[in-house]
Structure formats: structure tokens, C-alpha cells
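A, B, C and D label the chains in the order they appear, each numbered from 1.
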Amino acid sequence: MSAVAEGSRRTLAPLGRRRVSVTRRCSYGPYVVIHCHDESAPAPRPGQFYMLASAERWGGGEGERPYLPRALSFLRAPAGTDEVHFFFEDVGPGTARLSELEAGEELWLAGPFGVGFAPPSDGGRALLVGGGVGIAPLAAWQDELGLDADALLGFRDAQHAEGAAVMAAAQLATDDGSAGHHGLVTELLAAELDGGEEATVYACGPPRMLEAVRVMCSERAVPAQLALESGMACGFGACFGCVVATREGYKRLCLDGPVLDAAELLTALTPGAGH
Amino acid sequence: MSAVAEGSRRTLAPLGRRRVSVTRRCSYGPYVVIHCHDESAPAPRPGQFYMLASAERWGGGEGERPYLPRALSFLRAPAGTDEVHFFFEDVGPGTARLSELEAGEELWLAGPFGVGFAPPSDGGRALLVGGGVGIAPLAAWQDELGLDADALLGFRDAQHAEGAAVMAAAQLATDDGSAGHHGLVTELLAAELDGGEEATVYACGPPRMLEAVRVMCSERAVPAQLALESGMACGFGACFGCVVATREGYKRLCLDGPVLDAAELLTALTPGAGH
Amino acid sequence: MPALRTEFCGLTLEHPIVNGSGTFDAIAARRAFGDALLEDFPFAAYVSKTVTLEPRQGNAPPRLWELPAGLINSIGLPNRGLEGYLEHDLPRLAELPVPLIVNVMGFTREEVATLVEAFTAREEVAAIELNVSCPNVKTGLLMGAEPAEVSGLLDLVRPLTRKPLIVKLTPNATNPAAVAQAAQDAGADAVSLINTLRGMALRPGSSEPWLGGRTGGVSGAGVRGVALALLDSVAQRVSVPIIAMGGVQSGADAAALLGAGARLVAVGTESFRDPMAGRRVAGELEERAEKGQLSAILTPASRKIPA
Amino acid sequence: MPALRTEFCGLTLEHPIVNGSGTFDAIAARRAFGDALLEDFPFAAYVSKTVTLEPRQGNAPPRLWELPAGLINSIGLPNRGLEGYLEHDLPRLAELPVPLIVNVMGFTREEVATLVEAFTAREEVAAIELNVSCPNVKTGLLMGAEPAEVSGLLDLVRPLTRKPLIVKLTPNATNPAAVAQAAQDAGADAVSLINTLRGMALRPGSSEPWLGGRTGGVSGAGVRGVALALLDSVAQRVSVPIIAMGGVQSGADAAALLGAGARLVAVGTESFRDPMAGRRVAGELEERAEKGQLSAILTPASRKIPA
């Protein structure tokens, strides 16, 4: 099933959407993890994402939404299982509905979509930088790269930092100092980068964090791959709604991303990004 | 609380809608009964109705509906409790959503609205005729009139006839003969009416049944009160959407009905009625 | 709600939330809810349902069709006609604790003139809203879709009254902003928008129209985006105050319309779902004002109230 | 699906479901889904996204705003321009297993003429759809809102091609039926409707527009009632076949549009929610046909197919 195209960064999606069931739901602080049984599961590439909608009552929430499916990176799709896991926070009517789903309830799932991360080109060290729900795509990537892929994760506070439990190992930073380093995760990154070893940076998180990572890596000529967010209606290139500005013009993030080379971007502050 | 206006046929509704919880849900064949805890409960008059919507996820069902609240007669509002009961069948997205509600879940409730039944003017016999979910408003009326209010109830089949259990006592008819009289409830009515005793007929059910009752009573000069249905958006006279044609022109069923004197009508076949 | 007090055409309103014409019958609501309605009236001014010169029964039922997040109505303007309104409705509406805005429609300019004159003579009436979403039977043109139709109408009726005249714009037009401009130029004191969008539904499984009136008007949450676009285009063209409406369900929705240039916001279809929606929306606006979230968009100047 | 086979402007289509222009990028979908897409293509004909003479980047993001049961988009017609389309897109679209309809837009009549001539020369192209939802920069009028604009355009381009010409109507007009009539009179082979309704949204809590293009177009389930009303008015005026769209999500929705006079039905926004929505809607129609539920509305005559 897992036809791999565009190098090893894209697994093709089964045609259309499919109805899958939730097999497990658990939470880590304010974050929710759901496991879905996806029989037609092709093995997705870390960094790819899916479009999700509850099979029942997608709609009728706050402001009479959601209506369109929501984009979520997969957290893990453990080999040998038919499972795919997602990690998210309730930030609006779509994620609120998804976070209500219990084991046995069903979802519409389409994907995997987009292109995932590319391995460090020189075989060098990988530094994973995540902020908040942005740690989701890094988990599978860390699994694949192995534990010497160091992860630096930033959260608002200790409660949010409970989310770090989904990663195999990580250094933490919190805005309020209630867990790990008191300050920004990019401060941890600066320390690592200034440590000297060659590295490729993989980052996902809020726009301001990504922009700080971009600038920091650009100043130090460190290659960086950023998993960006933008509002998406379809996930498979149909609507042209998810574009971000790159040096080569607008690119559809669902098709040419969500992982983009930092060098392609003028800014990671994409207007209207998820949150 | 129970200010009674327009004779004894209307209890005024508390201003606005209120959020109430479901305390019990049970079913009788295809029919669902829910009990709601309605603290501000004024005692409604039999034949009055309420507007209901689930407090969460009213919407996102079949065809991206429901959106507007749904009109339901109350089945019973037992004295000395703060409870009001409803009896309905899943016939579309609104009733489907209502039928999902479990004890502990919440509803928006407005009402009681409209005018209910008037007692037999001559103190004579009351004959209650119900079809399908149309038996709902008759239960409270039978409770009030006492057991000598005979009820004749028609259903599609024995499975639907399980709904008759919500009434204190009744003669049954089913379309397929699987329970009670094999045939139409109006055949039972004809037999009763032709039995000779003076009676007032109270009927609620599908348009064709009501029309047969209307014609039958008109031919025999028997007074009849029909609880009609029509599509309603608001329930309190705001939208002018629920009109039925009467000899005096269109009347808003939510304001001047839902119980109308059969003599006022040219037909009980109201276009676009609930089902 | 002093933080929300708003001036509108010489009226000082407690807050900027009114009802959309034809979406709240205060007389009927009083029958359903009793006098509690008067003690806690949901709107800062009351706009009555369209009155025509002659009585109208309205359209044959069915009159309603539910849409995803919306409603199509083909009510057909049932009303007692001018005389019946003056005799039956006006005295009752005058008992409401808020100013009364009467909405009128005529099928010729002369009919509108008669209505405007009649209401000008009544002090219970604070302002007159002209519903121009109907064809002029003499020209065959939709009155509210053509700038020239609206100018012609106002040329006739403006001189007849010193009461504020509000022109209610239809969205079923190529250029509603040009119509608004024509209304302002011809002396309208305010404009309101949007009336309903033309819509239709079929009886399920058939090719027959569901609605007795064949087509009807779409309202409710689903039209919110359309209403905002029209408001934006009109607010860029006119300086008279605007009453905006279309799909308002919450304080957030009302704040958006105020932010886009409305002086008042009307709640329509949402009152069907929540009879006290007007009060709730005003309350949610007040909460926002208290949190300082409205300050950027709802300044004393924008409400024409000395701070 | 023999029961659904439909004739459209000389093309025989397997079923009456096509896509709305700009709502399904078959080239991108093939990148996401692979060649499985070609084996089970969801539409009976493929309508490509609007092509303009010059390449366009499209509007600045954000480009999307979710509505209750709908969507506002301000995509801004990004495309490679005529040359880029001919070189890059056309060969790939010619690989699709269904006829190709190219949708074009010009900012002057002459631009449209150039586009029509270029596609007339390409046999991969089965028909041309004219997107007239833009202002004519020479007259300043919205091309699709004025009958005279559409006549003028067709007078110029009709003689240039023998390929079927489809005029796509905008709902943002006072009288779309008159525009349809003008299109038919000036030689259009078909009309399609509806394009999106003008809509807008504000950045939450601000009075700034959310969309990079300030305003955008509303589509999705919420516009279904508006689409049906316009279809009804147009079907009463023209005899050319109509491609109807607007909020179609199911076979029931498609059946309603066919019942109201459409020859073909396009699925737009629903493809975003379900990439195979076109196939699903066609399947649901087929089920209806098998149950005899379509016979009243979908006769061989209405599909122009010998029974």
C-alpha cells in the first residue's frame, strides 16, 4: 500500500476519505491523543498530515462550526499495527469536537497528505524543536531518527509540558519556569547550535517560535526544515487556500509542505495560521 | 408561576428559553420518551407544546441540519415534580438528535406555548383519538379528564403500538392487524360515535387521520378539537411561518393552536405538516 | 447599559441591538410570555413587521424551509393593512418600553407616500423604515435594486415627514452600495441591511416547489458573511448611520458588524431559536465592552454619544 | 452508469456530475492520491480552474474563512496564465479519463477572445466555460451582472469557436435570469450557475478584514437555497442546458437541481470535505434512479438521450 513518491518524503494517500474508528483516547495535560484504526493505513512519512472530521455531528458547535475537516499531523503510526495517532489541543470548534470523541466513535480520515521531513543531508546531528501542539510531527521523526535526535520542547507551563511525555526524550523549557528551563525553547536551541556540532534543525510550533528558529538558523547557516501551519480547507491541493509565501512565490502548504526548507521562506509568520 | 390566560387553555411561558437537563430516557418500540428537569416549570395545559433543541451540537446532522428548535407536545408534567416529559419518534435530523440525548445531557427548552384542549362543553363524554406520535398530547389530557375519557389509538404495527403503554388505557388499531383492531383507528371512532352517546372528540395524529376525524365528526355534528401540526420556526408567534387555513383566514398554529376546533377548518390536510 | 448607549437619528438607545422587521411579533410574544416581556424587553428599539396599505393574508403554507444554518421563509407580508395596524397594533406596540420604528412597503410610490404620511401623524412612531424589497408595479423594477427607483421614491416621500427615514436594502442587487448612496443623496436618514437573499427549496423527491410562495428569503447564520460584505461596501459609500443585520447570533457577531461600520445591529432569525436573543447579544456586547474589547471598534464617537 | 448517461452540448457523459471550476485540481490530486485517481475519477467531465491571459499569483493569505455550513474564499484566481497552462497543465489534464472543459476569464473582451481562440485550437478541450464574475476594466461594469456586457462579450467571442461555450453566471446580480437570456440570445450553448456570493469576514476581535483579498466568495451547503432559486428563475427563461451548482453534498441535493431544470450538476466545496464527493453523489443518484425515484425528474428526454 505505501507507495512512496517525491523521494521518501511522501506516502500517497488512499483515494478519497475513509471512515475509521477511534480505538483509544487519552490526555496529557491539556492535550488529547486519539488512536484510530486505519486498515487501509499506508505508512505515512513523519511530517505528513491527515484531514479529520467526526463522522457524526461535525457541525453545530460554537458559531455553528466546524464544517470543513481539520488538518492534524500524525503523532505516530506504529509499524505492525493498523493504527495512526493524533495529538492536539482544543482551540476551537473543530478540535473541540475531535477532543470529545471516545473509543468506538468514528472519524472521516483522508491522507496522509503533503511531504514530510528529509533526513539530515550530511548524516549529521538532528535537532528537533517543538512548541506546544507543534511537537506532534516530531515524535514519529524522533522515533525514526533514533534517540540521538535531540528534542527541545517549549510549553506555556508545567501543565502543558505534560505533553512532552509523548516524545521519547526531550529537554524542556516553559514560559513560566514551572518545568525545565525558564524561558523560550529557542534559548535552548541557541545554546545547542552555539555548542558547535553540525546539525539540521526540524521545527514545528507557533509562528513566532518558527520565525525565531528560522532567523537563528539562517544567521548561523544551519539547515532547517519547518513544519508550518495555515488554514486548510481540503488538504490535497484542491482549494488553493493554504498558500504561504516563499522565495519562489506562493506555495500550497498541503501539497508542497507542510515541511518547507527554512531557506525558502522570507518569514515563518504566516498570516492566519492555525493559532 | 402558572399564570393561566385565555380561559384555562394557556399557561404562560417563562420569558425566553432555559437550559434544562434530561433526567431519564426510555423507549417504547420506535418511540422515545425523555424526562426533563424544568425548575421554572409552570404547569402546562394539556395540548400545549414546547420548543426543544439540544444544548450541544444542535446541527451537523443529515443535510447539515437541524438549526431551528423542534416543537413537541408535552406528554406529561406530573404534578409535584419539576418534570416535563416528551414522546417522539426519530423522523429527521432534529428528532434524531433529540433521541440521542441521555440522562445528564442538556436541552434548550422554551414554552409551554399555544392553547391546549378545552373540556367537553356539556360535560359529556370525551373520546381521545390518537395516531402514532400524535398520542403525545392525549396522555396528559386523559390523566386530567380521568379514565372515562376513552382513548382510541392507531399505529402502523404491533411494534409501534408499544407506544400505547404511555397512556393509561386505550383501544388499539394497527394497519397490519398485528395488534388490536385490524384497520384504521377511525373505524373504531365510527363505531363509538355510532354507539349513540354524546361525545366530544379530541384528536391528534397524521393529517389524513385528522381529516377523517374532522369529516366524520362534522357529518355527525359531533364537536371535535384537533391538535394540528405545521412546520414551526419559533413557537411564539414571531415568524408567521406556522399558519393553517381556517374559515377566518390563516391562523398561527403556535399562537391560536395547536388545538383548533374542527369546525374552524375546511380541511385538516395542512400542507407541509411535520410528517 | 451605559457603556453601550447609542444615538440613532436623534433617539438615544440603551444599547445598539434592535430586532429585524418581521422576526419578533411583540404582541404575540406578550400573549405567549405575558407582561414579563415588557419588564425585560430584548431590544433597544422595536421594529414592527412590514405594513402595507391594504390588509394581506400572506402566502399559502408551507412558509418555512430549514437550511443548513439558515431558513427560507415565504411569509408574504401578512398584516392588517394600514387601518388595521393603526387601530389594532399601534396602541399595543406603544406600550412597549422602547421606541417604535414602523416598517412600511408599497407597491407604488404613492402607496408608500400614503403610509409615510399616516405614520408621520402618529407620535408613537419614532422612525419609519422603508422596505423596498418589492417590485414597483408601475415600472416593473425591483425598488431596492435600482438607485433611480430609490431616488424617485425618496423624492416623493422625503418631503412628507420629519421623522427619520430608514431605507432597508436588499442583497439581491448588483450594487447595493450604489442604492445606499442614492438613498443618502435623496435624504434618507439611515440605511438598514440586509434583507433576505432569494432562495428556494423543492418538496423532497419531487420537482415541485416546497414553499407556497414558490421562492422565499434566506436568513440566519449562513448569511453572515454576505451581510458583512454588503455592510463593508455600503459603509465605504455613505455617512448616514447603518443598521446591520444578517445571521447575528452572538455578541461576537454583533461586534463584527459594529466594527465594520454599523451603528445598530438587528437580530432576526436568532430570536426564533432564542426568544431573548436580543438581550443575550446585548449582554455579550456589554461583557466585551467591560473587558475593553470593544474600545477599538465602539468608541463614543462611533456611537455619537458624548463620552 | 447507463441509467444516468447524459448528453451535454454534443458530449455524452457517463453521469451528470462534474466539478465546479477551481474546486478540484486534478493535477494536485494525482500527486496526493496517485494514479488511482484516474482509475476512479469522481467526475463525468472535468472543469479546470479559471485561466487568465497572464499568470497570476492569487491573493495574499489568509484565503479561507469557515462559515456556518460554508466557506468564504479569496483565492484570487492563481494560475500559470495561458502559455503556462498550455505547456504545463493541458497535457496533464488531457490524461484524465473524461472530457475537459476549460474555464477562462479576461479583464477585457479582447482578452477573453484571445483565450477562446487559443483553446479552440486545442482538441484536448471539449468545451469552454466563460467566467464572467469580474469587472470589465474598460466599462467598469461587472461582466456577468449586465445583460449587455454578456451580449457584447459573446458577440465578439462566439464567432471565434465552434466549441461549446458555457457562460457561468454570478448570483451577485439583480437579474441573473436576464443575463442568462442575453447569453442564450447571443449564442451561448449552455449556462452554469452559481458562482460564489460576495462575502467577508473580520479578524476576530478587530475591525480588520480577515481575508487577504478583503472580500471573497461564499460557497458550500449554506448557499443551496440561493442556488436553487436562481436555477429556477434561469430555467424558466432559457432552453439551453444548465450546469447547476451551489452547496451540493448528496444525491438528494443533485436530484433537486436536476428536478429544477439542470442538465448537469457540479460539486464544489463538498470535494474539500470528501475528495470523492463527485463519485459519491453520482452513486447516490444512481441508487435513486434504480429505485425509480428519479423517473419523474430525470427522464431520457431531460437528459437528451434516446431511451
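Please note the rule applied: contacts are C-beta pairs under 8 Å (C-beta built on N, C-alpha and C of every residue); 3 or more make two chains touch, one makes a residue touch a chain.
Here the structure is a predicted model, which means the values were calculated and not measured.
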| item | value |
| --- | --- |
| Chain pair, A-D or B-D, that carries the greater number of C-beta contacts | A-D |
| Chain located farthest away, centre of chain D as origin (C-alpha) | B |
| Computed distance of Cα centres, chain D from chain C, in Å | 34 |
| Centre distance in Å when chain B and chain D are each reduced to the mean of their C-alpha atoms | 47 |
| Centre-to-centre distance between chain B and chain A (centres being mean Cα positions), rounded to whole Å | 53 |
| Two or more partner chains touched - positions in chain D | 65, 67-70, 221-222, 252 |
| Multi-chain contact sites of chain B, meaning residues that touch two or more partners | 59, 63-64, 67 |
| Touch-based graph of the chains, sorted into line, ring, star, complete or other | complete |
| Residue numbers on chain C that touch chain D, as the complex places them | 65, 67-70, 72, 142, 145-146, 172-174, 197-202, 204-207, 209, 214-215, 218, 221-226, 228-230, 232, 247, 252, 255-256, 259-260, 293, 296-297 |
| Touch list for chain D against partner chain B, complex | 68-69, 221-222, 249-250, 252 |
| Residues of chain B touching chain D in the complex | 59, 63-64 |
| Residue numbers on chain C that touch chain B, as the complex places them | 22-25, 27-29, 31-34, 36-37, 40, 49, 57-58, 60-71, 73, 75, 78, 210, 212, 220-221, 269, 271-276, 279 |
| Complex contacts: residues of chain A adjacent to chain D | 3, 5-6, 10, 12-17, 53, 59, 63-69, 108, 110, 113, 230-245, 249-250, 252, 255, 270-272 |
